[in-house]
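What follows is a set of structures for review.
In what comes next, chain A is part of two complexes: it sits with chain B in the first one and with chain C in the second one.
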Partner chain A sequence: MISLEGTVSFWEYLGSRRERLWFETWQHASMVFQTVLAALVIGVLVGLLVYRSERLSALATSTAGVIFTVPSLALLGLLITPLGLGVAPSVVALTLYSLLPIVRNTVVGLSGVDRTLVDAARGIGMTRTAILLRVELPLAWPVILTGVRVSTQLAMGIGAIAAYVSGPGLGEQIFSGLARLGGANAINMTLAGTLGIVLLALIFDGCFVLIGRLTTPRGIRV
Partner chain B sequence: MSDADPAPASGATSAASAAVTGDAAGADAARGNRGGIQLINVTKRYPGQSVPAVDDVTMTVPSGEIVVLLGPSGSGKTTMMRLINRLIEPTSGKIIVAGQDALGLNPVELRRHIGYVIQNAGLFPHMTVATNIGLVPQMLKWDKDRIAARVDELLELVDLDPATFRGRYPRELSGGQQQRVGVARALAADPPAMLMDEPFGAVDPITREHLQDSLLRLQEELGKTIVFVTHDIDEALKLGDRIAILDKGSRIAQYATPQEILLHPADDYVEQFIGGGQAMRLLKFSRVADVPLQQVPEARPEDDAAAVRDRIAAGSTAFAIVLDERRRPVRWIHPEDLDGVTGPIGTRGMPTATPIRARNTLQQALESLIQIDHETVPVVGPRGVYRGTVTLATLQNAIRDMKERTRARRRGADAT
Partner chain C sequence: MSAPPRGTAAGIDPAAPGAEDAVIPPTVALHAPTGRSWRAFLEPLAVLLIGAAWMLYVENSDLDSIEERSLKPDYVWQKTWEHIELTVVSTVVVLAIAIPLGILLSRVWARPATPFVLAVANIGQSAPAIGVVVLLAVIFGIGFWTTVVALVAYGVLPALRNTMVGLQQVDPTLIDAGRGIGMSPAMVLARVELPLATPVILAGIRTTLVLMVGTASIASFISGGGLGDLITTGVSTQRNPVLLTGCVLIALLALLIDWLGGMATRLLAPKGL
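And now, the complex of A and B:
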């Protein structure tokens, strides 16, 4: 499907592959969004379970840290055996990588809440759940959100490598491009994939700034 | 805690009656200790520690009084206070709050009916002033309008303009304002009792004085049972109806009125803790209204000179005081001023110094006595109305009387 006569310009390439590129960009965004959302739910839950104990907090953060050090190609490869190719291993790997910043920031955020405020909350008769939902989580939220932001950037980049296990997203462009380096359109493909991811990352980050402003009460905004 | 909602008026009456009898336990027993707090043989032992943090403490906080727990750090005063709303669970003993066994209640419910104020106010920074104050009513499921009305009422009570402050966040307030909001939050659901843990410890001295004065004024109106923790002896003397001086392990070294503690420290520990200068402190913490004033003959500008001379001769002082038509002090008049005068005394005599007010402290009275030429200063009540006069001798006698009375009471107590 790629013309071998000669290399077309980058803009021409974009124009000719518009639909495919849109689709892959959409898939990439959707994959990152879903994995970060899953990581947020799991990460905050883990953070809530461990933040009261220093030992458990250390255990959770270092476990997430160990996962983090596994090279992404290796992890994806290892996941092929139990999960096969395609969406499943990509999503699982991305979620695992996204966990570390979220778990760590949840623990840091929750344990950073001024203990005298928790004491005041107990003293005026708040229940355990109310203290968590109305005092601790809202106060830790800006820190947790920063973790989510870092996770999203990570997932954007690592998401490209998902193409290695035939995962969805813009990684396909990069991998195909690199595979035929020197051939026609190789640079265009790699460039399209890379720029697409950078653009997506910027848009997501802009969204986080907005979410941060909307969800942080004026009283604790920096 | 169904009956934990006594009308403020009844609290105030109880404070008055307790003060009159001077016998907290008696007054309390008579009215079933409605808003009062009792600790009975309470012990708190932390696992792994040989010495209990609170060791077999028994103490009654009479309804409607401010009781100050005073002691150095490590004396367990905060621990003792936190046992009352069960932020710390006692190892053994009994705690009664407003006539109910606190240990038999759900701790969360219990705390909603005991106001709680801590150092730095402990306001939630992500909530507005109004939300902070409305938290307890909200947990008690009051409807929105009632909460909003209550918030405004409380803000006014603590001298903050509701329109200006209800929508602000804590960080937009000064330390003193935050502390006022903290007190408002504690009072929100009109609890019979309030616990205050070094609430004014972190504000500057001038603001602290203001906050203390406001608390006293509030207390006059509300008559809450207040347990107040501090390590500041002067704060304790100023605020406490009663002071419990604590030693290690929450041993109560002395539990008495400020005057009694100053005049008769129970032991060396108490004496050492309150330090020297008891007489000066008595002056500082007693009010002019509390001492017998010296009465001098009175006169009006239109009075006949001869009549005034007779009045001075009949009185115990060598002069009279001239009052205006609203009974405000204007001049001193001596018989010499009236030599050869017939008819009204008019504007003869010497202007009085600026009068002192009945609610001033004896220290302030002493201050003005030292500053002026005349040996006497007039005392005025509300609207500047003349009440009597003080001299250095008045103050001396007052202090001597206080000592006498405490000694007599002590002898009486020892005899029974």
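And now, the complex of A and C:
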């Protein structure tokens, strides 16, 4: 078992490092938010480009699937060579991982829209863009949002590993704990980083449930 | 790297599983079914060829002494083997815990506990893998078995969730029908529920395998061995060839294992579903 000499209790640790921990939590949240937002924009655009063709859809999903299967440490490592250490490889890797659930769900959501509704929209004289913006996307939105939720949860966990390539966020606590393995505060640091990420993930997920309630068109709300 | 052909495109379910996502119940395989044509073997063939080509290229390039030591074929092979060991051992343990427990928790008398277990599984899943691994290393010390414990702790929740969801989605009228023709609850489980839940459970095995290959790569942080060692060596000695070899081999191994899992899912699924 671990020796407790020279260590402080978990609460004391949290108190003494309050500012640093707030800062890292904020960094983590902001990194995840920004990368998922970028992935949402790219993913929906890709989804829009491919959803009409079955072949292109299969190609987009399986390409994203291949990236997704590559373990995060390996992808981060591959990105060090062109991008160096720091924020850049972390952001690129997180965005790439967040793409798959969003692309997949956009394609599924859009192709799941009832064709008769699209016909009806065209029948009342809506243009192609209007149909997309006012019929198809709103109907596919709940499915897309589920993809965003999955991506966010993934990005939270992978964001922790990003600290290995000097990325920002709570992963720093975990890696500091690892560097002091067996020493004072190792367990406090690791615990603070891990629990911080779990809490952030839960808060984000709660926000998504709320956003889902607020943004789902009234007619298809369950 | 572009996607290898995967045969015919099939309907993609919004609930299809990704390698690491288990937030939505995985019901349909991520990749389109390939059938048994020769094209199914293009992907592993491509993976093996790329791996061999990379190793040939690296071994024949100009290496300094550190690089040479970390890239000796024997050493790389040993690391690959360790990685496979970690993956297989932890997957077997995860399934040995998760499948029986999932069956137990989905019995009628355990139903009230289901939402509670699923909630815990969901919360536990948002714990970052690296956090779990380091936390267990702080508590139990470093090494192979700590790594296996950490991998199991990380992988057991998604697999448990998957088994429970698989059994839950079995049509209750079929269970009633089974009871109606005089089957005992155990027989209903063995001859109706489990066969019908097989596709979901098999998809879960594949998901677990892929999750374990990925998580095993962070084993090197706590001296658990595996190909992650090449990445950490490469980063700490600033030797790009070593780093890249580690990354490339882990990525290829993950793709290969995902393919194997996909094949197993297809071959073992009961006919008629």
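Here is the rule we go by: the second predicted complex is superposed on the first by the 217 of 222 C-alpha atoms of A that agree within 3 Å, B and C clash if a C-alpha of one lies under 4 Å from a C-alpha of the other, contacts with A are read in each partner's own complex, and residues count from 1 in each chain.
Please note the rule applied: a contact is a pair of C-beta atoms (placed from the backbone, for glycine too) under 8 Å apart; a residue touches a chain by one contact, two chains touch by 3 or more.
Every value quoted in this text rests on a predicted model; they were computed, and no experiment measured them.
In the superposition on chain A, A:27 contacts neither chain B nor chain C. Comparing chain B with chain C, more residues of chain A are touched by C. Once chain A of one complex is fitted onto chain A of the other, the partner contacts of A:185 are absent, as it touches neither chain B nor chain C.
Judged by the touch definition given at the top, the superposed model places A:119 against chain B, while chain C stays out of reach.
In the superposition on chain A, A:59 makes contact with chain C only, not with chain B. Residue contacts after overlaying the shared chain place A:108 against chain C, while chain B stays out of touching range. Of the two partner chains, chain B is the only one touched by A:127; chain C is not. Those residues of chain C that touch chain A in the shared complex are 1-4, 6, 9, 12-14, 16, 18-21, 23-24, 30-32, 123, 125-132, 134-135, 137-139, 142, 210, 213-215, 217-218, 221-222, 228, 231, 234-235, 240, 243-244, 246-248, 250-251, 254-255, 258.
For chain A in complex with chain C, the residues that touch the partner chain are 1-2, 54-55, 57-59, 61-63, 65-66, 68-75, 77-78, 80-81, 100-101, 104-105, 107-109, 112, 143, 146, 149-150, 153-154, 156-161, 164-165, 171, 174-175, 177-178, 181-182, 186-187, 190-191, 193-194, 197-198, 201-202, 205. Contact residues of chain B toward chain A in the complex are 85, 87, 108-113, 116, 118-120, 122-128, 135-136, 139, 169-171, 185-186, 195.
Residues 116-117, 119-127, 130, 134-135, 138-139, 217-220 of chain A touch chain B in their complex.
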